[in-house]
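Some structures are shown below for you to check.
Shared between the two complexes below is chain A, which has chain B as its partner in the first and chain C in the second.
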Partner chain A sequence: MTAKRLRGIALLAISMVFLLAWAFPIIWSVMNSLKTDSDVLAYPPKLVFTPTWEAYRDVLFGSGSILPNLLSSVIISVGTTIVTMLMAVPAAYALARLRFRGKKFAGFYVLATQMLPPVGIIIPYFLVLRNIGWIDTYQGIILIYLSFSLPFAIWLLVSYFEDIPFEMEEAAYLDGASRLKTLWRIIIPQVRGGIAVTVVFVFLNAWNEFLFAVVLSGNTVRPVTVAMFNFVSVEQTLWAKLAAVSVLAMLPVVVLGVVAQKHIVKGLTVGAVKGGGRR
Partner chain B sequence: MTPFKPTRRTLLKTGTAAAALATFGPGILRHASAQDADLAPYKSAQIDWQQVSGETITVAVIPASYFENLITLAPQFKALTGIDVRFEKIPPAQIRQKSVIDLTSKTGTYATHAADPMYYALYAANKWVEPLDTYLNDKALTDQAWFKLDDIIPAWRSANGIDGKLYGMPYDGEVTIQVYRKDLYDAKGLKPADTLEAYMANAAALNTPNDRVWGAALRGVAGAGQNMYIYPSLFREFGGDWMKGGKLSVNGPEAEGALAWYVDIMKKYAPTAAANWNWPDIADAFSQGTVASYIDAHSSASVVNNPEKSKVIGKVAYARWPKGPSGKRTTSIWNWGFPINSALPEKKRKATWLFIQWAASAETQARTAHKFAGPTKRSGVNRTSIWKDPDYIKLMSGFGDNFVEATMGALQDDTDVDWRPRVPQWPAIGDTMATAIQSALSGQATIKAALDDAQRRIEPMMRG
Partner chain C sequence: MTTTAVTSVEIASEAPRSDFGRVLAQRERRFAAALLAPAFLALLATTTFPLLFLVYTSAFRMDLAMPFTNGFVGFENYQVLLSDDRFWTSLLVSLVYTGSTVALQVVIGLALALLVMEMKRGQGWFRVIAILPVVLSPAVVGMIWRTFMLAPEFGIIDFLAINAGLGSKNWLGDPTLAMVSVISIHTWQWTPFAFMVLLASLASLPEDIYEAARLDRASAWQRFRRITLPLLRPAIVMVIIMRTMVALTAFAAIFTVTAGGPGTATEILNLYAYRKSFTELSIGYGSALAVALLIVTIIISGILFAMRRAK
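For the complex of A and B:
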């Protein structure tokens, strides 16, 4: 009993250490966002302090309100996710199931676009968007985000599609269903978990993106990641406000994560083992 | 209680009050103030401000109070010229990247931007920006007697010029000075350092980490605008010459002496974390009372005197850079200037020049500084005449003992156009040097090895 119990305690202790390491930056941000600027800098760091909503009030309703930026981020992330999924699901299905000339090459080509370092393609992207007049527009940013979210989503989904037993499709064909109908009615419900995972990751990548956004956006389209950076000015870092914006920017992602958690865990394990879907 | 019934008289009264508020509270009633603003000081210039009325230009600036104040006044510019200005705020590191992309691709997105003086060599070599004398000498565009170019701080003008031609109009700038804790110095009977040697000795005398007070702090973090902002002053003070015999050289005994001093003070008397600090971090630490002295931009005075954060208000004093072994004091030479993008069509270039002329004029400089209605006044105005204006001096001396004297002395006597190597390859050279200095500061390389390695990396850049 004692040995087992000791092991239990040890495991708990170890997981607490990891949990703390993971949670610390977030707890710290939340605490700083509720402090005044002088409390943020206090030493030793104040664990007990009078919380104030001032930083939140300022970043939400002050002169440099980030509400338009949050809206920008939502439009970009939701737009990117929808367009990505509309294209990635059929594409992944095709790569997993269909036999067509150049399939191998197509698969590799999709992957190859992921091999370029993003910094190297910013300027070409800038020039392309500039020439079609799409700098600082939603369609421009979403188009560029597709270039990395689409290959990622396709390759993630292919593994899920490959796990579905072929027999299920055959059964549907025998009952007279068309290929599209089979895809919609039979296959997609089977990969729900995989789709949920992909949606979450595509959304997250778009939401957190900074490098492309800072170059390709302007005054009209300005996601929160870029706006946040302006709290680190040349003169001083506005810690409390920066923390408040970070917390606000984190919220939608956390909510999405909690809602989709069941699917994520399931989806990840299903995809992890080859043939895991077969019983 | 009588219900409020407006009569003609009370209406008139409130009307007057609103008008008064509009005039004196531009921060609150920005748009209302535009029409009422007194444009007479601008209209005395013998040019037609309205000549390209209806144009729209985009101006990229960094997020900083001195540009915020200018943005607040933009409605006055619109009323004066009929030109719409769209401001875009971009963080310092990205503004360089975005403006270079814009200039190389000749897209003309930014009519002008807050430019780093070290980039003019690159801009001019590629003809990306216009030489400003074309505009200065055009009588239809500039009233020279009104604008008074000579009044703009000469060091900043030469920093923004290549081969004697001005490419960017200085808007706001800074010099580096010693900032120290008067109370701590007095307690030990110390004086602000006159030489680097004395500065080191002061730091040693005040360094008591057990009481959470460190002797000194300098920017430690790697970056062309960070450690490579402090080091060039040391290099020049040790007698270094970037262009030895027409060849860029970054190693040698003077460089080694300068870097050794830098490493020494950071290792012995600065907080360990300062190796990763930029100046806002230094100013934050100083304002919390943990650093006895630092050498950095004079504009940091507003941070260490911010009543919401600082614990050292009233205990701060200033002095010029300590002298190096060469007997010289060398301040940084920094200003944000406005160039004109060559890719613009002619009318927009004219509109941009009118904007630059307005922003750099003595009147706008004063209205964004001591005459500004908002809480943050600028401390980096571009005009010698304003630095001598009693109202301005009164405002600035609120920052602490000797502030105006140290800053003015540095501006007049300690600036050095060759503070950093002014070559088109600067961006890459700045980064290489920053990495070299960091490897020495962190002890990864010896001083000599770090500098020799930097020299090896820089040589091919200068050939290519």
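For the complex of A and C:
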């Protein structure tokens, strides 16, 4: 009885340590974003303080506001998501449901593209985009984001398309519906859930991307992950503002992550199970 | 489209033999081609083309700071690379970074998943909290750690170190500590991934095997060693493969924290290729480094996939 209770207490203690370790850096950033700079720098660190919205007011509406950067992030992420989905949904349907020669190879190709290190993509793309004047443009960034969002979206969607029973399509064909009509009217509504999950993940990955953004961004197009650097320089760090910007950058993805919580594991491991078999 | 009504019958049959069937199969191929074309053209343009162009540029001296020296050099970049100490150091740093972060993620993730499986209440907390680090941008994570966690004195880790009697440390300025820091940050962010995947596959293991083992009086360790581990092996190998690929090309979480420094202490090969190309503007040599990284990635994934097939 006591051994069992001791074990329970030990379990609880260990799990509390881990939960705290994961949550703390995030909670601490939120707390720091509500402090004044002198409170942030206080030693020992202050857990109790008078909260203020000053940092948020400054980074959003002060000089050097990050609102344009947040807008950049939104345009890039939404743009990437729309273009990706328009291409990935038909492709995934074909890979999951249709018969054609070279299907295996097509599937393998989609997976293999993910092996390419991003730095190996951005070096040549930088040269090309510089030549056609697409550095610091939305179309440049969104185009190159397809290199990682498309393979991911296609594989995630394939896994959802494969779950639909074939009878659905057959019934539609028997009723005389065309292939395109069947896809649009019968199949797509069936995978609405899968499409929603894919949208969440594509948006998330685009929002979080950094390497391509840091190379291709400029004064016009600069997402918030890159703009964050404005608050840390050799001379000084604007602590509370940096915390506020971090929280603003975290907010959308945390909300989406918690909303899509049940699908996260599937989204994170997509392609791996299937891909391994085909490789 | 009057003939489509029969299509379904043909879909179900193994191979269409009649002329009519051939027409339908051809129609299906055309439809597939039309659906695939946009995505595959985009993938060709954004992955295959850059790869070819990368290999091409790696055969040139292409120095944006000194354009007058540019020109075709053949394999010279690769010859330079083989005798470049910084390349070999960065490769070693890559292997240490990847090996240690992946090992830590799997060990801690698995231990924690086993622990959470034992819990009767509070699993939900783990599932929600574990998602937080995983969805964050590595750039934001790096920035938070660099400042609020690791800054001397008021950073929480340093504060804890001082109170533990270790004294204030230069977490990102000392070569060894900087490496430990970037490894820890990556492990912090991605262990929840290993944890979630392993927890999901633990939860799907058949209960009756454990029942039988318990009746046979197998100890907890025996049950883990003889039942859990073999059953989890596919999931563990999958986590290792996925995390290795990501760790090899980690960028933001090192770039924002140390930028590869101090010196080249935390400069993994990926970061070296970036710095060479975009800081030192030596694009040709940077391309050769990126090709080397691709080759390393292919070799390592080859080994891992062989491991996956082996019993």
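FYI, the second predicted complex is superposed on the first by the 231 of 279 C-alpha atoms of A that agree within 3 Å, B and C clash if a C-alpha of one lies under 4 Å from a C-alpha of the other, contacts with A are read in each partner's own complex, and residues count from 1 in each chain.
Criterion: a residue touches a chain if its C-beta (ideal position, glycine included) is under 8 Å from a C-beta of that chain, and two chains touch if they have at least 3 such contacts.
Every value quoted in this text rests on a predicted model; they were computed, and no experiment measured them.
**Student:** Between chain B and chain C, positioned on chain A by superposition, is the outcome a clash or a fit?
**Tutor:** Superposition result for chain B and chain C: clash.
**Student:** Have a look at where A:65 lands relative to chain B and chain C in the superposition and call it first, second, both or neither.
**Tutor:** It touches nothing on chain B or chain C.
**Student:** With both complexes overlaid on chain A, does A:127 touch chain B (first), chain C (second), both or neither?
**Tutor:** Both chain B and chain C are touched by A:127.
**Student:** Thinking of the overlay built on chain A, is A:118 touched by chain B (first), by chain C (second), by both, or by neither?
**Tutor:** Once the two structures are laid over each other on A, A:118 reaches chain C alone.
**Student:** Using the superposition on chain A described above, determine whether A:215 touches chain B (first), chain C (second), both, or neither.
**Tutor:** Once the two structures are laid over each other on A, A:215 reaches both partners.
**Student:** Using the superposition on chain A described above, determine whether A:41 touches chain B (first), chain C (second), both, or neither.
**Tutor:** Both: A:41 reaches chain B and chain C.
**Student:** Which of the two, chain B or chain C, is in touch with more residues of chain A?
**Tutor:** It is C that touches the greater number of chain A residues.
**Student:** Which partner does A:237 reach: the first (chain B), the second (chain C), both, or neither?
**Tutor:** both
**Student:** Give one of first, second, both or neither to describe whether A:139 is in contact with chain B, with chain C, with both, or with none.
**Tutor:** In the superposition, A:139 touches no partner, neither chain B nor chain C.
**Student:** For A:24, select first, second, both or neither according to whether it touches chain B, chain C, the two together, or no partner.
**Tutor:** It touches chain C, and chain B stays clear.
**Student:** Considering 41-49, 59-67, 95-103 or 113-121, which region of chain B has C-alpha atoms that clash with chain C after the structures are aligned on chain A?
**Tutor:** Among 41-49, 59-67, 95-103 or 113-121, the clash with chain C belongs to 95-103.
**Student:** Which chain A residues contact chain B in one complex and chain C in the other?
**Tutor:** Residues 41-43, 123, 126-127, 214-215, 229, 232, 237, which sit in both footprints.
**Student:** Contact residues on chain B for chain A in the complex?
**Tutor:** Against chain A, chain B makes touches at 62-65, 86, 88-92, 94, 97-98, 101, 104-105, 107, 109, 212, 280-281, 283-284, 287-288, 290, 299-300, 302-303, 306, 308-309.
**Student:** Show which residues of chain C lie in contact with chain A when the two form their complex.
**Tutor:** Against chain A, the touching part of chain C is residues 1-2, 4-5, 7-8, 11-12, 25, 28-29, 31-36, 38-40, 42-43, 45-51, 53-54, 57, 112, 115-116, 118-119, 122, 125-141, 143-149, 153-154, 156, 159, 188, 192-193, 196-197, 200, 238, 241-242, 245, 248-249, 251-252, 255-256, 270, 273-274, 277-278, 283, 286-287, 290-291, 293-294, 297-298, 301, 305, 308.
**Student:** Spell out the residues on chain A that touch chain C in their complex, using ranges where they run on.
**Tutor:** So the residues of chain A touching chain C come out as 11, 14-15, 18-19, 21-26, 28-29, 32, 40-45, 86-88, 90-91, 93-95, 98-101, 103, 106, 109-110, 113-121, 123-128, 143-144, 146-147, 150-151, 154, 166, 169-170, 173-180, 204, 207-211, 214-215, 225-226, 228-229, 232, 237, 239, 242-243, 246, 249-250, 253-254, 256-258, 261, 264-265, 268-269, 272-273, 276, 279.
**Student:** Which residues of chain A touch chain B once you look at their complex with the stated criterion?
**Tutor:** Going by the criterion above, the answer is residues 36-38, 41-43, 122-123, 126-127, 130, 135, 214-215, 218-219, 229-237.
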